[in-house]
Structures are given as C-alpha cells and as structure tokens.
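Notes follow the structure.
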Amino acid sequence: LTIRRFEERVAKEFYVGNLFGFVHSYIGQEAIAAGICKHLVREDRIVSHHRGHGHCIAKGADMKKMMAEIYGKKTGYCKGKGGSMHIADFSIGMLGADGIVGAGLPIATGAALAAQLEKKGNIAAVFFGDGACQEGEFHEALNLTAIWKLPLLFVCENNQYGVNTRADYALAAKDITRMPQAYYIAGKAIDGNDVAAVYKAAEEAMAMLRKGEGPYFLECRTYRWHKHFLSKALEDLRPKEEIEAWKKKCPLGSFEAKLIGQGILTRSEAASINEKILAQVDEAHKFALASPYPLPQDALENVYSL
Amino acid sequence: MREITYEQATLEAIQEEFRGNPRTVHLSTDLMAELQQEFGADRIRVTPIAENNFVGAAIGLAGSGFRTVANLRMATFGFVALDQMMNHAAKITYMFGGQAKFPILYRMTVGAGISAAAEHSISPYAMYMNVPGLKIILPATAYDAKGLFKTALRENNPVVSFEHVALGGMKGEVPEHEYFLPFGRASLKREGDDVTVVALAKMVHDALEAAVDLEKEGISLEVIDPRTLVPLDRETILESVKKTGRLIAVDEACQTCGAAAEIIALVAADRGAFGKLKAAPARVCGLDVPIPFSPPMEKYVIPDKAKIIAAVRRIMGLSPRL
Amino acid sequence: MREITYEQATLEAIQEEFRGNPRTVHLSTDLMAELQQEFGADRIRVTPIAENNFVGAAIGLAGSGFRTVANLRMATFGFVALDQMMNHAAKITYMFGGQAKFPILYRMTVGAGISAAAEHSISPYAMYMNVPGLKIILPATAYDAKGLFKTALRENNPVVSFEHVALGGMKGEVPEHEYFLPFGRASLKREGDDVTVVALAKMVHDALEAAVDLEKEGISLEVIDPRTLVPLDRETILESVKKTGRLIAVDEACQTCGAAAEIIALVAADRGAFGKLKAAPARVCGLDVPIPFSPPMEKYVIPDKAKIIAAVRRIMGLSPRL
Amino acid sequence: LTIRRFEERVAKEFYVGNLFGFVHSYIGQEAIAAGICKHLVREDRIVSHHRGHGHCIAKGADMKKMMAEIYGKKTGYCKGKGGSMHIADFSIGMLGADGIVGAGLPIATGAALAAQLEKKGNIAAVFFGDGACQEGEFHEALNLTAIWKLPLLFVCENNQYGVNTRADYALAAKDITRMPQAYYIAGKAIDGNDVAAVYKAAEEAMAMLRKGEGPYFLECRTYRWHKHFLSKALEDLRPKEEIEAWKKKCPLGSFEAKLIGQGILTRSEAASINEKILAQVDEAHKFALASPYPLPQDALENVYSL
C-alpha cells in the first residue's frame, strides 16, 4: 500500500482515538473499525452496536453531526432523538448503532440479503461484542447467512468482557470462532489491536464476500480501556494489571511506531496529522456547542415517516 | 360483485403490489407457493424457524430500500420476536430522527374458538398499541382486508396486521378494480340510534348479528369497526356516542388494558361525549384468563352474540335476558 | 424510624427470604456481590447475556420446587424474553390445570428522565397487564418496596416487579421489624375531597407535590397508589371517586392502552361511580411517542407536577394555569 | 439385559405405537421416548415439545388421564385446560409438553439446574425437534448448560422436517451435533428408529450426566409417519416414496422381529402383549368418553395458584 493510504489510515486511527477521549469510549478498539471500514465503499452497509462511534467515523460519518447528536442538539444526525447509542447515517450506509445486545445481528442479515438481491457485489458488515455471542440472535444470524450464502461480514470485537462478566466464563466455546465454524462459516481470530492484521484479514474476507460465496467471520481480540460506559458510579471489576498491560498494546501507538520505524511516516508528519485531527475534533465540538437544542414539541415529529 | 375469501383478498393485494415493485421481499417459515411461482425463490423466501431473526431482517431490508412482508403466522410466535418488533421496528424511525423509511408489513393471526389452548389463541394487539411507532390494522372482512393491505403495502412505516383465525376462510364481496382504504378511518358497518357498539375483528360479525336480533326488540345498534387500531379514528366513535349516548366496546381480547379500555377511556375523557352519555359505557371482552382448551370453557371466556345482546339490554336499562 | 434506599429495601427483602429458604436461586447478568457472599455462587448466579434463557430457567426451577429471583435489569431487555414470560410463565399454571406452583420474582426497571433514549426508557407494564397469569407490582417507596417484595417472595405465582429508575436511590422510612404488604390493596398516600388522583410509580411523588401546591389554592387531592397493578384494587379507587366525583389517572407510560386507560375504563363502566362523576375523567400520561434522548424533548413527553396541576385545574373547571 | 426388561420395553413400544394411531402422531419416533425414558427414575425431570404424547407415556403417565385431557374432559391431567399439546404430570417429573418451538429448552435448563442444586444425582432431559435447533433458544440452552455443567440430556428428534421445511435446508450445520460440539458438549448422532441403539446411547449418556460432568447431546435420526398434525386441510409436501421407505424402517416392527429372531420373544407372546396394550388403550379411551366435560365456569380457576 502507498504511503498515502497508510497516512489516511493513520489519520483514521487518530480520528477514532481522539474523539472518544471525551465521549463514549471505543478507545482501545479503534484498529478494528478502521481496518475493516477501509475496505468498504459507500454502498456497503454496516450495522453497529452500543459502542458505535468508531464505526460511524470509520464509515465516513460527519463528526460535527455526531458530536451534535451526542450533545442532544437539533443539528445532530438524529435531531437529538437518538443520542450517543443511536447514531446512524443512512446516506453513507451506516444503518445505526443500537442499545440492545445482539439486536444488530438480525438487522444486518436483512442488509446482507438486500445486497445479495441487488447483485452489485456490495456487502454488509456487522460489529458486535463477545456479549452478543451469548444471545440467541447471534446464532439465528449465523444460520440464516450460512444457508442463504448472504454477503455479511461478522466482526466480533472480543474485548473479553460484557460489562464486568468475562467472556471466557460466559461463553462455553471459549474460542468464539468455533461457533461460526459449526455453520461452515469461514473466518478466523486475529489481533484486533494490530490494524495491519485487521486490514489484511478483512481484505481476504472481502474477496470471498464480494464473490457471493457466503458470510465471513472475524473475531478481533481487543480490550476496552475505559469502564463499560463513562460513569463515576459504575464499578470496573477488571484487574488493574490487566488494564495496564493492554494499554501498552495501544493500537495507535504501536502502529505509529511501526510506520515511523519503516520510515513511512516521520515524527513530525505524525505530529501534524495529530494536529489536524485535533483541530477537526475541536471544530466538531465547537459546532455541537454552538448548535441549538431541539424545541420541546419537536418530540412529536418523526414517530412515523410520510 | 365477485366473492373471494379474506385470505385470497390479502394474497391478491400482495401479488398486485409485488408486481408493481421489484424491491419487495416475502419472508415466512412456510412456503407461499403461488407467490414463489410468480416472483421466484429470491424474493419469496422460506426462513428457518427463527421469528426474531426475520422480523429483524425486514428492518435491515427496509433500511436498505426494500419493502418486506413478514408473515409470523400466529401472534403467539410474535412473542419470540418482540425484541426486534418493539425495541427496533417501533422505534427506529424516531430514534434516527426520521432519516430513513421502514416499509414493512408484519402479519399475524389472532383469536380463539378453535380449541388451540392458551398459547395459540391469544389476541395481543393492545400490547402493540401501547408501543408507539407501529401502525396496526385489524381487518374484519375480505373487502377491508384487501383495501387495508393495499394501503399497508404503500406505507413507509412498519405495519402490523392482525387477522382473526375465524375470518381467513370467510367470503366477501371484493371489487375487481384496484382500491385503497385509508388508515385511521373507521367503517360504519351499521347505522343506529340507541347504542354505539365499537367492535373489533370477528366481533364485528357477532355485533351485526346481535343488531339484527335486537332490531326485533326495537333496539337499534350503530356498529362501528375502527379497522385500524393505530391510527384510531376517534372522531367517528365520538360523534356516534354523542348521537346515541351509549357506548359498548366489544373485543375478544382480554379486557384488562385492552383496546376496549382505550376506547372507553377516550370517550369518557372527551368532555363533549362525556356530557352526552346516558349510561355508563360497557365492555364486552374476553375474560382475563388464558384461553382454555376444552370447548365448554373456551366458549365461556370469549364474547359472542348473546353476551353482546345481554350488555345492550343492560345498558338500555332492561333485564339482560328477555 | 431508620431510613434506607428503595434499592436497599428490595435487597433486604431478598436476603431475609433467602435466609429462610435454601431452595431459592438468584439469576442476573451482573454480579450481586452481597448476595453471593452470603448465599454462595451456587444459588446466586451470574448468567450469560441471554434473558430469554434465564427467564425460562426460572420456570424450570419453579416446576422443580425452587423459588427464583430473576433480575432482567431494564424492561427493554424484557422484550428479549417475552416468549418465556408471556407464552410460558403467564400461562403455565393454567395450562397445566394448576398441577404445580411457580414461585418466581422477575425484576425490571422502568421509566424515563435520564436521557437514556427510546429503548432504555420504556415503561411497558400495561403490556404485562394485558396477559393474564402474572402478578404485577410497582412499588413507589422504600417502605412499599420492602413489604411488597416480602409478599412477592412468598407468592406461589410468577410476579413481575417494575421499579422506576428514579426511585432506586430514594430514601424512605423502613421499619426494622418484618412486615408484609398484601397484593391488591392500594395505598392511600393522601386524603382529599375534590379530585381522586390515581398515580403510578414515580408519579406518586409528583402527584403528592402537586397536592401540596394545590392545597394553597384550596383544592384538595386524594392521592391513591394502587401499588400492585395485578391484582388491582378496584374498590379503593371506586370508593374514592364516589366521594370526590372526579378522577385523574397519572402514569408516565404511554397513554394508549396503558394502565391509566384501564383505570378510567373501570371507573366509567362502574354504574355507581359513573353516576357520581361530576366531570369527565382525565389522563395525564406519557405522550404516545418513543422517549427522545435530548432533555428538552424528553421533559416534554413525560408527565410532571406542572402537568398534573394543569389537569386538576381543568377538571375543576378552572383555567389550566393560574 | 433380562428378557423381562426387553419385554417391558416392547410393551412400552406398543403403548406408544398404538395410542397414537388415533390421536396426535408420534408414530415413527416411538423408539426415542422409550429408549431414553427407560433410564429415568421418577426424580429425573423431562420437558417435552408439541409432539409430546410419547414422552408422557414413556415417563409413566396415566393413559387414562392423558386420553381424558386430549378429549377436553375434567378428569384429564390439566382438567381440560391444556389439551393434547399441553399435557404434564409434575408428580412423575413430566414438566410439560409445549406449543412453542424451542421453548422447552430454557425451561429444561432450569430443571437441570434444580437437579444440580439438589445434589442427588438426578438429571433432566429435554425432547425437541430439528426445527427447535433453528431458534436462538436452543443455543442459549447449549451455552448455559455447558458453562454450568448442568446435568441435561438434550434429545433432538431429527425427523428431518419442520412442518414441510427440510432440516437440511434450514440448518446450515447439516449434522446437528456440530452445534453442541462448538460448546464442547459431548454427544452423538444415532439411528432413532433402533430402540436398542437409543437405549445403549442413553446408557452412556447417563453415566456422564449422573456424575455431574455436564450436559450430553443425542441426535436421534427418525421420521414422522403422519402429517405435521392430523388434519385434512394441511398439505404434506414430503415425497411419497420417502414416507413409504421410512415406514419400512418401523421402530416397532424391526425391534419385534429382532427379539423374535433372537428367540427372546415368541410370536404369541408378542401378540398377547399387543392384546394387553390394546385393552389398556381401549380402557383409557372408554374412561375419557365416560368422563364429564368441565363446567364453563371452571375456566375461571387455576389462573393463579394459592
């Protein structure tokens, strides 16, 4: 890949990284959204879950509208009706983040069926956590995509916990890929903190998916840096050492180091990219703050479409 | 005019709309042979037995610009799919600020009377009415079924159609020419002066039979079928009650928090209608018990012509029985 | 008397009852530390995120002679489990002819006001009221929570407890000594002569505040909290309305087919109470829209003290605002 | 096993076979209920599905009360409230037949948890079809029993169709045992029409289950002789030849032949057993017919227990 490409990606990394410092936390998992969405075109549709900011940005959403939505402003993606957990941008094929664990999966099967019927070689991708693999909805989605050979990329972001419950306690399969394998769904488990690895794995997946050979499953092993959601009250029962250890495996830092090491990126370039992004985030933030709140009676609109 | 069954009427509507629009899909756990022959196995799909999945798939299809008919068969199977139905289908238009349209028609049968016992005899439409975001239709005749389906299949919102098991085979006049019935417009099935009877689904027919019998006693019933529960035609009901001064809501579903409760409440809470009430409004509903299997018990718990007549006589200040 | 929070009150009740009965199990997706320390990991289990599964497991445990508390957390997650809740928990006693007892306590939080948006702010208890077979409690104070939980934990039927998110941290007087509150007995939170206000959950507190303000205007409210929705204390409500001649039902949940509709309908349909009504009964409920995220809109769609006061003034024939 | 044992079993075969000739149809699958339940004691609990008559009888239910229930009589197991699809006898650990596909599985996990907590070496067994394996409830039950090592015997009666839908179309795994394997659940697929095979497989399963080593999964390949449910209207889309071919593999006939071949049973013994059972069935039938219907207002009872 050309330097340019890499830089784009680095940029995306930082987008994701920076933004989430001060809102809901996708921090620690950025490499996944970035590495996957890099392969998607506007016509490819994605479905996200409750930790969805990263997916929005990686799919090309407007940070201004995102920030405005998170601030509950009228200029937000959902006019302030959805908030952080329910950001969507149908114009770029981002079919929405969602607050019900596992619920994005059946919806994504529909998006994949649409892609199959459209016969244009487009695909759908669904992002979900290890916790979602505990819900029956997960299995119904695996089964349906398998029997209908739907072009759906399953992206399991295994950050090893559902709130404070360990995935290796709550999932008998331990190795999550055992489950899609039972349905003859191709896939693999990879290091979700290594953006290059994610990018490469997604590339292989795309080849299959776009040929219409059926679904593909990627388990991306990663870790969330913050608490389940940003909150003083909520307790984090995860071992401190574990958290620290993972912070050392920062997907951004390691990748930047690698690029600099390979001489693809210089420290100053990295710094300036960082500057640029900080500026954009700042701009989005300003936009959100400057935007008006919806009127109370706006609540009556959009219950139904015309 | 030609007569066809209620079931055929719904099928016709689907066929006509699917012909006009190639971006349409049908999902159900059983094979819809006629549809598959005409529209192919790509668009007419047999799903695994996984209702929650295909109710959700319809949402994903809608978000991708497709219109879907998802047939769940019995409303009891709908409970398996209520996450997708209530947390998503009902809210997704609103949560996302109206960015996208979700044209979906969900179908389920309701109703008791066939010894199907508690699980398979439930009529849960009031539960769906309590969750904003879904439109709800409840056709009682072949004519209404076709016209409401045609409208539902042009709707850009999730519509849930509840169809009473006893009506599927019932024949009725259905014109050859294309027609659409608007949502939120009740159907005045019979005009009358003494009592307004708002009846739902199969109960519309029982109410009409009761009206014939009562006419002989000189009591005239006005029988109104809302046809769509969401939106509900408040005006027609209120105007009728202002005329008759008496209201009876008849619904086979369980009484507590049912559609009949809503109808009574909206009339009682309307100052104009309240002022015109000559007697306490009444409900003739299914008893608040699960539907029993054995016929003598089943018959006892669901409303019928006789119970409607008794309620009318009571509200007219007469003894329930002749 | 000592004051503890609503949440502590529910925990105490569970601890007391689990001490007395070793054949008790607690299931939830998150760790209940205090309970697990006292009763061990065998009885206090952390489940996978699979609500339908553990709601069903509670039924199997009950059928095997165990009593279970299953905490679903938010009512929105309950939709994932409605197959087991509605098709099974609610019907299993009846379908099997009363052969076995099913002692289960299902817990869910309800209510808006915390910018949790449409999915996580829903109050769906009316949907549960529409399905016979479940008992439903809705405690509004720490005292009621403890007493109703104690009773629920001796019940031989599935009980669903809906707990408003705003109440969990609210403190209230709770006696040290053991006590039980009967189901089907409303709590008269405040006596009054002019208007009967039947309020639910958090709205009980808003209604009481409204009563204080209105007293200054010389309007006296009688505030009734049914506390249990199934069984519902019809008598207390009817007697109060016969006394005041005016009824306002206040519920944060969506209006259509809600608990408020049932309360209005049962009063309107009662000949005695109907005859005593001086004005059309009124509802002060959540608007029929999904709960929006942004505070100005969220505040607009849910009832509060001001909306209750306006409704009271209206029913008293005064202009809504002073 | 002693001749006596075999004869008992033969008897049970016939019970099941004969009874269902004139009510709901478990015909063709009898070897499964019989072969499994033979290993169960009263304290072991079972959960059944919509095709549940065979399981009731095999667990020792009273045919009189069953028949009365099927006839909607007050003397039936459920006082006429349940009917054919909802027969239960808690006194013998039969926790009920059920009309929702897959719904018996979560309930069974609870029964298995009860057995584990009681620490008496008892177990639970759940009977379900290939169609149930398509519902998410199935997977949640597999996962839970696996992580908690619950003593639950999964008995999948794979009669290859859900109504008219082929299992090999609707299940991507094809071989159903692939799914429990993903959860490290022990099990195997066997010929469900060979009662000896079922009996032997269940015997192995019991050893594991009663030791508390976790759940066990049996896929019993079989076939239903009648339509999905007895009905004139309902169409049966299964190929005629297929149906005929399977009827030749009758679980009763083949087993009887085998016993006679081995000289364990004589034709006349078989005939007299058959007579005995026909008489019992006849008696049950008479009992049902002679029993009164419930009173209409009996409908008001049993909504709640006291």
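We just call them A, B, C and D in the order they show up, numbering each chain from 1.
Heads up, the rule we're going with is that contacts are C-beta pairs under 8 Å (C-beta built on N, C-alpha and C of every residue); 3 or more make two chains touch, one makes a residue touch a chain.
Note that the structure is predicted; figures quoted are calculated from it, not measured.
Between the interfaces A-B and B-D, more contacting C-beta pairs are found at A-B. The distance from the centre of chain C to the centre of chain D, each centre being the mean of the chain's C-alpha atoms, comes to 41 Å. Measuring from the averaged C-alpha position of chain B to that of chain D gives a distance of 37 Å.
With centres taken as mean Cα positions, chain D sits 45 Å from chain A. Taken residue by residue, chain D touches two or more other chains at 78, 80-82, 86, 98-100, 134-137, 140, 143, 147, 169-171, 303, whereas all remaining positions touch fewer.
For chain C, residues touching at least two other chains, in rising order: 48, 50, 52-53, 76, 80, 83, 87, 94-95, 117-119, 132-133, 288-290, 292. With chains as nodes and touching pairs as edges, the resulting graph is complete, every pair of chains being joined. Within the complex formed with chain B, the residues of chain D that make contact are 72-73, 78, 80-83, 85-86, 98-102, 131-132, 134-136, 162-165, 169-171, 237, 293-300, 303. Residue ranges on chain A touching chain B, taken from their complex, read 45, 47, 76-82, 86, 88-91, 95-96, 98-100, 103, 105-115, 117, 124, 136-137, 140-141, 143-144, 147-148, 301-306.
On the chain B side of its complex with chain D, the touching residues are 29-31, 46, 48-50, 52-53, 76-77, 80, 115, 117-120, 287-290, 292-301.
Per the touch definition, chain B reaches chain A in the complex via residues 23, 25, 42-43, 45, 47-48, 50, 52-66, 68, 83-84, 87-88, 92-102, 132-133, 135, 156-157.
Residue ranges on chain D touching chain A, taken from their complex, read 134-140, 142-143, 146-147, 169-174, 178-179, 181-185.
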